[in-house]
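Here come two complexes built around chain A, the first alongside chain B, the second alongside chain C.
Then we have the complex of A and B:
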């Protein structure tokens, strides 16, 4: 960049040089700060590798031991044989995937209707749904629990406490998803389907043949968003499951904390093998994850 | 298809008003059918699992019991004794303090890091990924990870302090340390999200505004304070409301790290609701608290989208 000034050339050059060296000092400082926060972000989770491979007793030794002396696998062995870890992991997978799939279907359909179809009370209905955009599970915890218990009786145990449908269905309702899908469909050029509509194609045909293929990015983003939210969900699974076999990972791992003695090595091992798969998936699809997190709030 | 008569009589109505009305409703009903197919599934689940529970929550706030025994109507009692409950008062105080600390710290750091990233493009993607990482960790597991940092006996920080000959810090077993440790956890987990949020915001600041500032000779800091920040203001208000909504729901890290203690020091509003409902079954006040939380969140949501609406109008 050139600076316009009426001083002589000599001065100008000196000024340029000084400001460029100032700039490099500043950018070095910026990177130092960024690196520091990178360490803060990733460091704590990386440290968990060490206690996972150590006998819990050695955790309390001092000076602190950074690397395991021996490659102790007892924690993992305990986790896989003495606890229901595998079952919890499976439950988490079924729960989070189930919620994600159902949410994607109902949100995309409803998003299309709110974006492109005309029907009475559309505005009012959408306003009502928007008002419930962020209703916390905690605020409706008791009635939702009572409702699922009631459904247990009515559906003869199909939807109830300690069942997959009872765990999954209440979490599938996310007005945010409908909102995101509607916003996305509205950005698609209307010419696309007006032609099809004039040709007499049904709404369903327009939706599946024209709109859906264009929605892939929005679907991936919403899918990741919902999955991430549910796989981390603690409060609802805590209330909706009572048996050890029906627990999900978040609830299961928190029960590993004993009331009197806690086997910290086992907790470290559980945290490690739970975070490993999601981290690998994340590293492959980071672009989508990053989009998904900001999308929830920003993509208007 | 029926064939039209050769010379239609245009003066004569094809349908009587009655017939017309019938056809009209028939047509509308037929047009409504696909709509139901599209909105129906969502609307059904929304009504069943959101609208009904919300109404039910309102009704429950005038009741006691109901989770184990039968519900008993107590009128306004839950509401009149609402603030007499010491535990609830502490929970509201704790949550408010936590919300203020967490939001101020996380927004300050996020704005700083976002503007650093915005000015230093090299390696931006690497830092974005690294800062995002904690968001992958469910709060309950972030809690487990934090044990290994802050535990009095085996936490790395304390082991390091001890090695350096310093006093150990009781991060989790004393007040207000415990609440601050929990705020630290939420900052750790949420920082990446807000950095990305503000980075997206900063990148959406129109470049001609920035260029105009450059031509006028405004420096980096000045451009940030006078151009970027004011442009971001509606977005920041929106972010603030979203952060308020999320942070008022503090629960997972309390469950992981402190279970509400020591001596109620980390009891949050949601922790109070959960504890009252599912451990003590004294649900009356918890029902009222749930409804208060619900009303608070719905009001804040309407506000948030009000801000955002204004931002859109301003830009278009």
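Then we have the complex of A and C:
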């Protein structure tokens, strides 16, 4: 046992106090940063709740009023009866679901090919796919539009402007999805493929019976990610749709802003019910996100 | 059942040749063990036989047919992986049934085959469980069941016991031997554990750096090692190798160290007078196993000083410094020696070996 002199004991106590207060300061600083980022990210979403339940006059009252005096549902009524909101919502659902399903098929197949198969120029092709991540969406907007216009002519309107295929197909190709799927497949033990090969399974059977079921967490995460991204996509639908009945929610809501007068209550109500489905979807699948993010770290 | 023959088999990965012109034959129904340290190419040979790797050169024959370009499934060989390689999302039943379902076998036949394999490996009560709900030993049995359900001609096992703890490993070892006796399927078994090789193999093929060193029954590999590598790799503690100079003529030859000399029994050692006469100028090693040495009064045979005494319960290992070399002597449990004491070492000349400068045994047969 070590015997401490009196002075040593006081020094240790002071050291302990200092490190304890340092820990408190660090902890307070972390909380402050977290609270700040929470306000920045959640604040705008919360801010639209109040105007959605107030009439347009009370929105500009002075002094500013943060909470509604009465529960006003007129904005929602206007939205559902006087605009094409339901149609936009249906279009958005078809658009986001279509992109998600097709992207999942492409990304899992491409990810499998890049992770497990041997073919000429594999590394070069994968490098090229990754390189497209550096190209801004806005830069490819015009060429994509021209391509869809061209397809409009050659497919006799099947894939074109103001059509679902024209809206969906250009958004299904995602380098990030291919990369994610490849990375996940690479974490699966190679012994599984070899065992399946010895058991007589073809490449397709290995993919469908062994790899796909094991990829469930990654597929769910990528699916939600793509769905949420497309649900809130504005840029491409803005270019690819010209008619009110082909618009998606983001584009539709933007048209509610008038040239001279804008009913912000209606816009807030539209934004609120637009955010609702993806919020629910995210909350429902939140645990999958966590599972998938730790899966790679824990897999042997 | 089938015999497996490999001829002049070579495998390179880029510039790195991991299997160097290995020729080997596993007889019908034999249990052949490939033994060697990590990186010696034993697993690669097994993977080449299974068809998981393509040979750079050489031939692989299973049941008399060259299978170099035959797909893994059509080689009629089942592979048991070190990490089991069970499909984690499938129940035990589905895991065992997978090769049969892939082959398109009707469901009633699959069920019957799975039940039979499960019965043999005592898995019948675990069929609806997932691999994650099984112990290591049970998972290994499922991997074996998946292998035997196909009724393969050859079993290829890649260190199947290395993930098990010591007690379970010993139990599973006995189960594997029992399974081999019952099914009689030709088995090629890879391990780096010489105890596993000695206890399980009918013959052992010892490899080093991709080259075959010796193929022999376990007792022969232990008693008559082909070279110093095999002598040191087989046995724990390994064979003592003492640098010596040999001199003599006719049938009377002596191996001398700076601390004494030993009369060589050329007949027992299997060394001809011509062989030793031709190589007497080489720097040689005198090899003797710890159990063929005994402590003797100082001045007898070889002389040295006791450095360590290690009682293990059943035996006591005494390390004696002999010039530059440390020599281990296996003594009876009750026998003791004092550290630092001068002792003599008596050698059983009939069990000794002489290795040339190239490391190979001078024994002619």
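Annotations for the structure displayed:
Quick note on the criterion: the second predicted complex is superposed on the first by the 240 of 300 C-alpha atoms of A that agree within 3 Å, B and C clash if a C-alpha of one lies under 4 Å from a C-alpha of the other, contacts with A are read in each partner's own complex, and residues count from 1 in each chain.
One rule holds for everything that comes next: a contact is a pair of C-beta atoms (placed from the backbone, for glycine too) under 8 Å apart; a residue touches a chain by one contact, two chains touch by 3 or more.
Computed from a predicted model, the values in this text were never measured in an experiment.
The wider contact with chain A, measured as residues touched, comes from B rather than the other of chain B and chain C.
Of the two partner chains, neither chain B nor chain C is touched by A:32. In the superposed model, A:275 makes contact with chain B only, not with chain C.
When the two structures are aligned on the shared chain, A:191 is found in touch with chain C, with no touch to chain B. Of the two partner chains placed by the overlay, only chain B lies in contact with A:138; chain C stays clear of it. Look at A:201: by the touch rule set out above, it reaches chain C but stays clear of chain B. Of the two partner chains placed by the overlay, only chain C lies in contact with A:214; chain B stays clear of it.
Residue overlap on chain A between its contacts with chain B in one complex and with chain C in the other: 300.
For chain B in complex with chain A, the touching residues are 31-32, 34-35, 37-39, 41-43, 45-46, 48-54, 56-57, 60, 66-67, 109, 112-113, 116-117, 119-120, 123, 126-141, 144-149, 153-154, 156, 159-160, 162-163, 188, 191-193, 196-197, 200-201, 238-239, 242, 245, 248-249, 251-252, 255-256, 269-270, 273-274, 277-278, 283, 286-287, 290-291, 293-294, 297-298, 300-302, 305, 308, 312. Contact residues of chain C toward chain A in the complex are 50-52, 71-73, 77-79, 81-89, 98-99, 102-103, 146, 150. By the touch criterion stated above, chain A contacts chain B in their complex at residues 27, 30-31, 33-34, 37-38, 40-42, 44-45, 47-48, 51, 59-60, 62-64, 105-107, 109-110, 112-114, 117-119, 125, 129-136, 138-147, 169-170, 172-173, 175, 178, 202-204, 207, 228, 231-235, 238-239, 249-250, 253-254, 257, 264, 267-268, 270-271, 274-275, 278-279, 282-283, 286, 289-290, 293-294, 297-298, 300.
Per the touch definition, chain A reaches chain C in the complex via residues 189, 191-192, 194-201, 205, 209-210, 213-214, 300.
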